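By letter and in written order, the chains are A, B, C and D; residue numbering begins at 1 in each of them.
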């Protein structure tokens, strides 16, 4: 049964290479489209202040600071998911239906992020808003991890000649995001502002972990 | 007349191959764009709860469950249309004006889906909302089928060397979605919740049908 | 001066071909993106009826017929602009800053179309709404024409070996849309419903004109 | 440390060329997506007038002129950022993590522009709205400049064989936008309408500067 389902996605031998490359291109095109739209829709969450007098406009614009912050935070979060997707798929050379659906799951959670962002902007400092946000990022991060671990497991769908060190470093990197946001869940429940502050640290943290792993792997090889 | 209309879309001989490939690429780019945007716009249907007190926010967020469900359902429905489009167009190598316009018809119905999704989220358990939703999916499924049956009929626009078994299996698969959603129309009129539960079954059902057909075709060949 | 401005866009000799093709690809990517988004945003104009009782929902959904019609009309209008763009750019092989900015002008008017569509849906049968709609289509059609006439004038930016008959037929075709919608402007002022009915005829009309021109050109050649 | 971070983005030798080109393609695809969506979302800022009587509709439509103007202005502003991006990336042949993140910063500010546009449309002639708008364009322009100066500095990421004259002319051009909009900040504070009028001049001004630099560089070379 499993074997048959796999065959369904296989291409006829003589047309395989060209059509497979085009198919891969479409997966990336759909993904880039969803990432770009999710990033850009975030701005729709910030409503123009209704005040009509010029004297109150500056104050009304400044009062929107939680929404600017939520915009900035979510843009960076989605950008990081895109960068990870970019790094993984540079090494992936083939695809099957499992990878396609895990990738669609990731896109579903990425496209969902504008909603918790809007809740966070409207209810800043509220524990349920912070919990919803962290949980949504954990789900997206887990789907991202699930795509990459499936594609790279036993080198299943990788291009030929990819070094093991790079694969392991990217596997470690894919853990940092969801684990970190999961750890902020209890913080979000009791100190939502502290959780938000921590989230801004996720970016440098990911980078350091990745670099540290690369370093360790290099030492091993020598 | 018919013959003339076809000629209009023909490319000059000496530039044919390169320009035709680019033209095909644009059809896929437009399609991927519409699929990605339709998927991502679904989230705009979920409005941030207006409650300002933190104590009521969790309840307000949980009360949105029909909208989360509608989001998830429609994301999977549109994803399935994209997967089918992907599987069909991997085998299609050329295009004419009929295929272009049938594809645009499909995109029109796909881009329409966020509206019945919003109605379903706002009026959960209401027969007219469920009927509208099922009808919209039937229309999109029929347009998808019409594109593929036209392109694959007598191998009209297929790449050379595509096996008949795969074409027939995909033709069968393209029937499952619209027929299944059409059958849920009377269910939607009398038991809208049951209809919704059935829709979530469409995905595994399609897969099983497709695999069964592939198996039958294989037996025939041997 | 003119000559200098042209040089600015020229690429260094040794890198010309590859970079120029990539540049062309980006013009098409941006255009396909704007077309796809304009098509898909149209659905946001249809608001979910606020009625909460199931008994009134069917009537409320049916009362939206002018908005469904406006959605369908504008989707076909934008689709036709995309098809024209597709047919023109298959023959265009190079670009300069004039073509880039004329194309951006076209995209500006295409991205504007969701607004007159929304006005038409909300104020169906109102002369000013019909005039606004026809005027917006005339502007977009004129920008489309201006792109194509510039690119094809004296074969300026065409791929080598494009037949004159096809260029002239496409030039004639590009006139039909804006001229036809301009002629409906007075109709829109006095009989808005008649104007809407006429717009639905624009599609078959364009096709007939184009085919007729192709026929005439063929006779000339023989 | 710095050196290690750079290595992380390096591709394995044997797969380098193909994967790097694909990676570059995805950066452009994401960018074109964000540009296209930001351009097209601008129209959502113009709300359909709620008047139901046909006699008041023309006046209501005309009263929206500040929003039409804001739409036109922002479309041209974003189009110019896209044209600059297009001109820079035609000459850029490779990328590293610094360029990726500077480009994402640019996209973040471009995706933000629909908000100041909406504020400007709703509060036309208001100093704080004009200041917000000019400041947002300055930020986006600075991010655009930062991408290009980094990529072109010491020819870091350029394709081989790019002439110094073109690089220097584009560096000068990248300064004009942000410097010009920064200079209008005090004007915006005291005479917002004058600032708006000036912004419409930014486009010809950029062009003249660029052409003048090209001319100077040519004289130097001879």
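Here is the rule we use: a contact is a pair of C-beta atoms (placed from the backbone, for glycine too) under 8 Å apart; a residue touches a chain by one contact, two chains touch by 3 or more.
Keep in mind that what you see is a predicted model, and the values were worked out from it rather than measured.
Chemist: Using CA atoms for the superposition, what rotation angle relates subunit B to subunit D, in steps of 5 degrees?
Modeler: The C-alpha superposition of subunit B onto subunit D needs 180 degrees.
Chemist: Tell me whether subunit C and subunit D, two copies of the same sequence, contact each other through the same residue numbers or different ones, using over half shared as the line for same.
Modeler: Counting which numbers both chains contribute, under half are shared, so the two copies meet through different residues.
Chemist: Give the label of the chain whose average Cα location is farthest from that of subunit C.
Modeler: A
Chemist: So the centre of each chain is just the mean of its C-alpha atoms; given that, what is the distance between subunit A and subunit C in Å?
Modeler: So the centroids are 36 Å from each other.
Chemist: Rounded to the nearest whole Å, what is the centre-to-centre distance of subunit B and subunit C, using the mean of the C-alpha atoms as each centre?
Modeler: Each chain's C-alpha centroid was found; their separation is 25 Å.
Chemist: Out of subunit B, which residues touch more than one other chain, so two or more?
Modeler: Within subunit B, the residues that touch at least two other chains are 29, 33, 36-37, 41, 44.
Chemist: Which positions of subunit B touch subunit C when the two form their complex?
Modeler: Touch list, subunit B to subunit C: 1, 4-5, 7-9, 11-12, 14-15, 19, 22-23, 26-27, 29-30, 33-34, 36-38, 41, 44-45, 100-101, 104, 107-108, 111-112, 114-115, 118-119, 122-123, 126-129, 132.
Chemist: Tell me, which parts of subunit A touch subunit D in their complex?
Modeler: 28-29, 32-33, 35-37, 39-44, 46, 48-49, 52, 54, 57-58, 61, 71-72, 75-76, 79, 82-83, 86-87, 89-91, 159-163, 166, 169, 207, 210-211, 214-215
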